[in-house]
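Each structure below is given as structure tokens.
One chain, chain A, appears in both complexes that follow, with chain B as partner in the first and chain C in the second.
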Partner chain A sequence: MTTPPSELLMFQVGARLFASAVGDVIRIGNVRDVPAEELVEGTTLGQTFARERGIVVSDQRDGSEATLVVDQVLGIRQVTEGEIRPLPSFAAAVLQTGAVAGLVLLDEVPTLIVDLPTLIRERRAAAPTLQPS
Partner chain B sequence: MRDSFDLDVRAARKPKAGAKPAARKATARKAAAPRSASARARGTTQGEAARLAGAVRALSEGNHDVKLDPRSFSDPGLRQVAQAVNAASDHIKGEVSEFRTRVKNVSDGVDEAIEAMVKLVVQGDLSGELRLGVTDAALTPLVAGIGQVMETLKRFVTEIREAALQLSTSSAEVLAAATQNESSTAAQASAIHETTATMEELKGASHQIAENAQMVAGIAEQTLTGAKQGEGSIKLFMESMEKVRHNAVEVDDAIGKLSRRVERIGTVVEVIDEIADRSDLLALNAALEGAKAGEAGRGFSIVAAEMRRLAENVMESTKEIKNLITEIRESTHAAKEASDGNKRMAAEGEKLGGAAMTSVVGILSGIQETSDAARVIHLATQQQRTATEQVVQSMAEIEEVTRSAQAGSRQATGAASELTKLAERLAELVKRFKVE
Partner chain C sequence: MFEARGDQGSAGGAKGMQEAWYFCLRLLGGRYAFEAALVTEVVRLGPLTRLPAAPSFLPGVFTQRGEVLPVLDIGQLVGQGAIPIRPSTRVAIVHCGPWKVAVISDGVEGLVSLPRRSIEPPPAESTGMAEFLSGVGRDRHGTVAILDLPRLVETARARAVPAGSQGA
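On to the complex of A and B.
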């Protein structure tokens, strides 16, 4: 995570809701407009169904772009600092992934904050080890 | 002998009642002649001649005991005559005696023959021959005649016996035939009675059939009217089916147009949805950029959020439109199927109507034939009724005749029975005559 999130991009994979920092996102595109080799699917976030949106993410290490396939992008949501929680150590040890940056309580529902560049790197590097709970 | 002679002479002197007047006159004249010697001689001769005449007259009258004494005659000639008269008297006496003997023999023979014949007839034994002790040749024809009579009688008896036998047989056959005839006549009378009763029932049945046939004719007329109404209804039904089919075709065309327009709307909605999606995407990116810009991009983010809401509203609307289009598609599909079903049903209805029309035409024809047949049956049964009444009347007459015939048969049977008894009686009587 490069900056502390104050505004989060809310997206949905399957039935689960996730959040990410807006700074990690270059743009939001349509999956139909993106070549298939540039799409990233089957991540630890879960199985997609509608596959309507693609979140274009930049890898700051090599400057390349990748498009994470999600089912829906719900919009931008502002959160306060107090609403953001670090990932508990026990959860971090169990997940065995570095793509989860923390938790945010939205309408008293804990939502995972995903580090999109890390997620894409891990997906590209190896088979996913993060299993959705 | 003298007494008899004298008597004979007196009888000879006495004129007979039947004597001729001329002879009596001559005798009277002779009696009145003068008595002289010659006259006396002559008188003696005349007296002797008178004696002779009286004797001859007595002989001729059947007095065979006439006897003259020739010595009492003075005249030799008269004496010889007296001797000849005596000889003739003796001869006649012998002849008469012989004749009487012969007559007695013949009479006895006749009596014997008659007695023998009566005895045979009374005993009924005609088998033997009539044997008589009669030897007189004069009875030969009589014996032969009696034999012929016996033979004839025997032949008659034989023929009567055969006739009696045949009569008995025939009378038995006649009795059997009469009995059979009586039985047959009784059975015939019974059968005729039953036939008459049956014909009476048939007459009633004919009457009933005639009424029923008339009723059937009436019903057939009503049915014919109803069937013609049915024919008109089927024509109307077929016209309605034609209209239904025509309307179904129009509905099908309208559904086709509606479907095509809905497809067009779908296409437009897809375009709108695509635009809304892109608008949503643009709004998202605008909001993203506004968020990245921080406080400077706040207003931009608000506009982007508003745009996104609009886009979402549009997508929501297009979604509803899509749902409506889907419903309309389903409805048009159902309507299309219903319309096709209507067309098929209409075609089927027309086909069924045609078949019904064909059937009704056949029914009309059948009913017409039934009506005609019922009328014909009515007329025929009326004729049958009339004929049956005539038959009943004839049967009654036949029954009356048969009753008379039955009574006649009874009488014939009684007569045949009597005839049989008479034949048996005759046979019994004839049996009494033995002919073999």
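On to the complex of A and C.
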């Protein structure tokens, strides 16, 4: 039996490529259309260059929405379960973020799967005055 | 690839008892060795994926035959700067208790045999690399510092702040 593929949203922050579960994303928008207080940037993913796009994410805990500022949204990619890898246990034990959900192998190169709600919660917790909920 | 022979070696007899086998890397301008049985293989370091909010001693992860492995930079851990990554860089994949990591180095010497009588206690210093030495030996190529690699890896883990324990 073939494992059903998962869908990942591929996006770029700075020069680096990331993936996230499509289910975490409400919509993709233009950052210019979003009130400044709803924008989230300066996360542990790195600094944006162009600030072109916003990924609107819902926090299941409180129902709030936030827009993660990224440089590019590259589209949706279907991957099989066989291409997904967990974060190695040593890395999981020392990383200072819980926002890495795992990795997907794209052409044998590991690409981070980001837990977007956790990323945004951590960013807001780190700078509550800059990122009000 | 190489065959790890462990501390007892395979020579047997009196000669085997007089020698200990270690795996030797060149790091930070010196020769550092650790228990040979910890090493499973030596491979070329593939494209590195950096991780967010990672401590400096974890420069990233790479894949080896479909397995994602974390890379450990001992130079960063002991505060002596990053070990340069080049296309020719090789890593030693080691098992230390529950952890499997790829130790980055300036060069790989491979297995070395040290006469047990040549192994002396480490210097009394407790900073930098000296903190993780279990002894110092000599072979015909010179001095070899013997690392307590499991203690080093466990110290790295303990020094990092895991995500779940952050205030917030």
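The definition used in the following text is that the second predicted complex is superposed on the first by the 121 of 133 C-alpha atoms of A that agree within 3 Å, B and C clash if a C-alpha of one lies under 4 Å from a C-alpha of the other, contacts with A are read in each partner's own complex, and residues count from 1 in each chain.
As a working rule, contacts are C-beta pairs under 8 Å (C-beta built on N, C-alpha and C of every residue); 3 or more make two chains touch, one makes a residue touch a chain.
Nothing here was measured: the structure is a model prediction, and the numbers come from that model.
Engineer: Record, for the superposition on chain A, whether partners chain B and chain C clash or fit.
Structural biologist: They fit side by side.
Engineer: Between chain C and chain B, which one touches more residues of chain A when both complexes sit on the common chain A?
Structural biologist: Counting residues of chain A touched by each partner, the higher count goes to C.
Engineer: For A:Gly75, decide between first (touching chain B), second (touching chain C), both and neither.
Structural biologist: first
Engineer: Would you sort A:Asn30 into first (chain B), second (chain C), both or neither based on which partner it touches?
Structural biologist: Touch status of A:Asn30: first partner only.
Engineer: A:Glu7 in the overlay: touching chain B, chain C, both, or neither? Say first, second, both or neither.
Structural biologist: first
Engineer: One more residue to check, A:Val22. First (chain B), second (chain C), both or neither?
Structural biologist: Once the two structures are laid over each other on A, A:Val22 reaches chain B alone.
Engineer: Looking at A:Gly42, would you say it contacts chain B, chain C, both, or neither? Reply first, second, both or neither.
Structural biologist: Neither partner.
Engineer: Considering the aligned complexes, could you tell me the closest Cα pair distance between chain B and chain C in angstrom?
Structural biologist: It comes out at 25 Å between the closest C-alpha atoms.
Engineer: Jot down the residues of chain A that show up as touching in both complexes, chain B in one and chain C in the other.
Structural biologist: Looking at chain A, the two contact sets are disjoint.
Engineer: Residues of chain A touching chain C in their complex?
Structural biologist: 16, 43-46, 85-91, 93-100, 103, 105, 108-112, 122, 125-126
Engineer: Mind listing the chain A positions that touch chain B in their complex?
Structural biologist: 7, 9, 22-23, 25, 27-30, 52-53, 73, 75-76
Engineer: Using the touch rule from the top, collect the residues of chain C that touch chain A in their complex.
Structural biologist: On the chain C side, the touching residues are 46-47, 49-55, 58, 61-63, 66-70, 72, 98-101, 153, 156-157, 160-164, 166, 168.
Engineer: Quick one: in the complex, what on chain B touches chain A?
Structural biologist: Residues 277-278, 281, 284-285, 287-288, 290-292, 301, 305, 308 of chain B touch chain A in their complex.
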